[in-house]
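Each of the two complexes below includes chain A, the first together with chain B, the second together with chain C.
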Partner chain A sequence: MISASSRWLALPAVLYLSVLFLGPTGVVLAYSFCERDIYGGVEPRFSWEAWRMATDRITLSILGRTVLLAAGVTAANLLLAYPSAAALARLPRRQRSLWVLAISFPMITSLLLRTYGWMNVLPLSWRGTLPAVGLVLTFNYLPFMLLPLLKAYERADRTLVLAALDLGATPWQAFWRVTFPVTLWGAASGAALVFIPVSGEYLIPHFIGDGKVNVAGTLVLEWFQHRHWPYAAACAVWLAAVVLAPIFAALWWNARDLAPAAAGPLSRR
Partner chain B sequence: MQHRFRQLAWHWLCGAALVLVLAGMYLPVAMIFVYSFNASRIGTVWTGFSLHGYTELWDQADLWRALRASCLIGCAASTLSVVGGTLAALGLRAWRPRTKLLAQGVLALPLVMPDVIIALSLAMFFSALSVQQGWGTVVAAHCVFGISYAFVVVLGAVEDLDRNLYAAALDCGASPWQAYGKVIVPILMPSLVVAWLFVFALSFDDFLITFLTKGPGADTLPIKIYSQMRFGIKPQTSALFVLLFLATLAGAVVASRIVRRREPAV
Partner chain C sequence: MKPDESTAPAVELRGVRKGFGARTILAGIDLSIARGEVLVLVGPSGSGKSTLLKIVSGIETPDAGEVWLSGRSCTQIPAYRRPVHTVFQNYALFPHLDVAGNVAFPLAVAGISRARREELVAEALAWVQMRQHARRRVDLLSGGERQRVALARALVDRPECVLLDEPLSALDPQLRSATFDLLVDLQTRLGLTYLYVTHDRDEALRMGHRIGVLNRGRLEQLGTPQDLYHDPRTPFVASLLGKMNWLSAELTIDGNRREVAFGEHRLSVECRESQAAGPARIGIRPEDLRIAPAGRLRGRVAGRTFAGDTTTIRVATDDGACLLVDQRPASAASVGEAVWLDWAAADMHVFPAGQEDAP
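== the complex of A and B ==
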């Protein structure tokens, strides 16, 4: 039995995030409807100005580019992670965990320095282009796709694939008709883990994009620094909607199928 | 025959993807190693081999100050986060299903928010309440994502706890404090350590949230590097990260040895 008095233990964390997460979210929403104060901050007067700016063609095209970039990076990650996970799944356990550790170990070095490394590796003519930003983002988020996918592979019954091959399926058919359906939840949770942070990414588009690639993250930060807080707030609300919409849509669409997928990265197994 | 050949080609393709992944992960790290041996004072161009990135590392007072700030903020944020997140995971078991689900949503929501939104909202929040920004606000901001991650990491271990353990400890005469301190916490310890290291690593490498909540004071390592990015990273900065990388690697190897030696006994 769990004693009823232990329920108070949860209170500090829940209250903390209610104040420091929900509170700030409310402030951003409120600020997006305020007038701009050119010294930073806002004038506490109601105004549609920020939202009029945030629904113009330029803002919408930047948001479109952000979604495109995030979707492209997610797709590239799937393309790289699926065969890698397949190759890893064939290895014995000890070797496999060593490989996983080796692949994700660079993540502990500073993101800024790794980005700097890429800046010096990429040909100069690639700097400031969207594909270059996508390339660097892809490798930066690869472990987030690979790990859930590998978990899905480990849980899948490998004999099924062998049976399919024995019965004359080509490797592609075996993958598409057997492996893919049973690892879909891993791919879905990996996609969420990649899509969400990539759509809000600031550092990589800023430095690899060389100021020429405008995405939601750079937009929000630049206008915050230009002291147009209501517009920055409105863009942040847009970005949150863009990120959360597919997740809630997916949950709504197929609550039972995707519940384990959404919980996949969160639960231990 | 063709069947066998197809399978071989498929295996080959998978192996090639794995090699490509590994190359992509280590290419930028290799560049940090290379640039730590650069002779140029500022790192934009390669001018020749030199060790002064390492020999002059001790003289870089601002670098060490930034490292200290990063470590202090990381320790404070991850300790607070792990305590808060663990208590939340333990306490939520006694909540009613409906409110529990709501609370879990609040606790996990920062995980599905891009950093830039958390950073902007906290900066506006602190400014709206005219809170003086500094070390305190940075730690408070890092706890926002820290509690979420710690909660999620510890939750699995808490759900696996035998529900009778606590009651058994009380039956055997332990006070509630002793029951937690001597029974529950030792069982949870491996996940607590993982959660702590995880949050520390996130806090240590965080740029955006720190950047918008730091005020004039708390310059962490990522802030320092950011200011060097445009004009070239100094070789000393690269050298520091090479040393940190190697130290973490050594730590990971030693830790895995210790864990492996203990495993058969359990």
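== the complex of A and C ==
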């Protein structure tokens, strides 16, 4: 439990977040209900216009594509990260840190350089396609999935899998009935760390998508640049709502036993 | 897993060897466990007993040798298709399942119907007196309760053999004796077969129908607790299964007559045919030594330890050895008093000099 006095320790962070995050978010929300002025900025007058535009078919299909892309990248990362985490968790500690370093190493180079690199690596015909964007996003976000999952694997008791096999579970059953539920909290953290930023990505879709792949991030960027701030603001709010809804739902659903079940005293060493 | 009516042993190992790198863990083990028998493997840590258990369960594969379970060659069969279950030392309960979910696990993976599963789980939980806790989360259970859930989970589908890996070592002494009784009771009531691994000699002697002593990957002796206690084949077995006083003496062989000499006393002894004349180690259990008005060794009482049902008297002999005497009723000799030690010739265990003790 947090005592009343130690709560004040969070004050700097709370202040920082309210001034620089909650405030601006409120501004964006307010803008989405305003009228566009003749220069593309905001006229402080109430209007539904931006929201009418933001709920039309085109905007909705772009948002749908964004969610699909983010979900696909998250799923691909899960598929890639699970076997890697399983293999890494079995290595001796020293070797494991070396591998983790090697896997995170690309993150040290600039995102822009990496993306330009990919543009040169990808066959020309792939440029401007959604799968290509997904591929590069998957590459970029793999460490964010792998590291929490590896933590979950490290914390899980390895004898649990042996016990499952001993009790008659095939390796496949042992994975689905024991390993997966016990490491689910790691997968869930990783999924959140990938899904949220990927839904807002604009740089990679912009460069790899060659202007032909429209997702929420590029849409917002475009319309701020094309001077329709209320519409861009509405799209940004939409995006946040779409991304946060499943996460809040999952939190609400699992708040009680997501982490504690996996990290119970049994699996602690 | 239907119990096989055949008379094949529940578990049979033939020439099982295992090494890790240059280290030999098991150096050729042969043993067989009859249906309904309790075989206890006892040995110090590093003797290979846990590895042997893993080889029977299928978690480890032997480098050479064969594993037979109920008359079926299982050497190449993976762990999940072997008719044996392990009770792990740390219990290895599944933290995301409740008590009933844990016990139902072997049934669920075998595809047994829900109704039948519930029936069997209820029965298994009743065996270990955990029925009222069926819906509890396992991380909220005490150590003893966890042990009982692990046991119910290993018994629920009636395996051919239950492998118990130091099942009492994590419990405090009181729980230990209650759980011990439960293990014995279930074994007799359900006619279970146990392969029981421990490093505790009291557990081994009290639990085992037969005991196998493991030392550096070798089965040093296999027999009933009485055999091993009263007729140990090596000093290692002798000292692992009970306290032992060690004396040095010279063994002489004259035709059929074998004698050891203690000072001016010559005693005829029984020992193995193979043993050659020369320096020997003589072991005598503390309860076989008597403080007597006249005897074979002279010494002085160096201390007395009262432990309720026994009193151990330490006697320092004239030639510098310190011997323990567990005589009942205890001699009244007080500390510092000069005494004689006496024993029956048949109670001497004679070994060649230079063989190792148990740690």
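In this section, the second predicted complex is superposed on the first by the 236 of 269 C-alpha atoms of A that agree within 3 Å, B and C clash if a C-alpha of one lies under 4 Å from a C-alpha of the other, contacts with A are read in each partner's own complex, and residues count from 1 in each chain.
The rule we apply is simple: a contact is a pair of C-beta atoms (placed from the backbone, for glycine too) under 8 Å apart; a residue touches a chain by one contact, two chains touch by 3 or more.
Only a predicted model underlies this, so the values are computations on that prediction, with no experimental measurement involved.
Colleague: Just chain B (first), just chain C (second), both, or neither: which does A:D157 touch?
Modeller: So A:D157 only meets chain C here.
Colleague: Considering only touches as defined above, state whether A:Q173 meets chain B (first), chain C (second), both or neither.
Modeller: second
Colleague: Given the touch rule stated above, what does A:L165 touch, chain B (first), chain C (second), both, or neither?
Modeller: Touch partners of A:L165: chain B and chain C.
Colleague: First (chain B), second (chain C), both or neither: which does A:F21 touch?
Modeller: After superposition on chain A, A:F21 lies in contact with chain B alone.
Colleague: Once chain A of both complexes is superposed, is A:F139 in touch with chain B (first), chain C (second), both, or neither?
Modeller: Once the two structures are laid over each other on A, A:F139 reaches chain B alone.
Colleague: Of chain B and chain C, which one touches more of chain A's residues?
Modeller: Greater contact footprint in residues on chain A: B.
Colleague: Tell me which partner A:V182 touches in the superposition: chain B (first), chain C (second), both or neither.
Modeller: second
Colleague: What is the contact status of A:L130 with respect to chain B (first) and chain C (second): first, second, both, or neither?
Modeller: Neither partner.
Colleague: Check chain A for residues that touch chain B in one structure and chain C in the other, and list them.
Modeller: 165, 168, 170-171, 266-267
Colleague: Once bound in the complex, which stretches of chain A touch chain C?
Modeller: It comes out as residues 157, 159-160, 162-171, 173-174, 177-178, 181-182, 260-262, 264-267.
Colleague: Touching residues of chain B toward chain A in the complex: what are they?
Modeller: 3, 6-7, 9-11, 13-18, 20-22, 24-32, 35, 84-85, 87-95, 103, 106-118, 120-125, 127-128, 140-141, 143-144, 147-148, 151-152, 155-157, 160, 163-164, 166-167, 176, 201, 205, 207-208, 212, 221-222, 225-226, 229, 233, 237-238, 241, 244-245, 248-249, 252
Colleague: Would you pull the chain A residues touching chain B in the complex into a rising list?
Modeller: Where chain A meets chain B, its residues are 1-14, 16-18, 20-25, 27-28, 31, 40-41, 80-84, 86-88, 90, 99, 101-106, 108-118, 120-121, 138-139, 142-143, 146, 165, 168, 170-172, 192, 196-197, 199-203, 207, 216-217, 220-221, 224, 229, 232-233, 236, 239-240, 243-244, 247, 266-269.
Colleague: With touch defined as at the start, can you tell me which chain C residues reach chain A in the complex?
Modeller: 57-59, 78-81, 84-86, 88, 90-96, 105-106, 108-110, 137-139, 146, 153-154, 157
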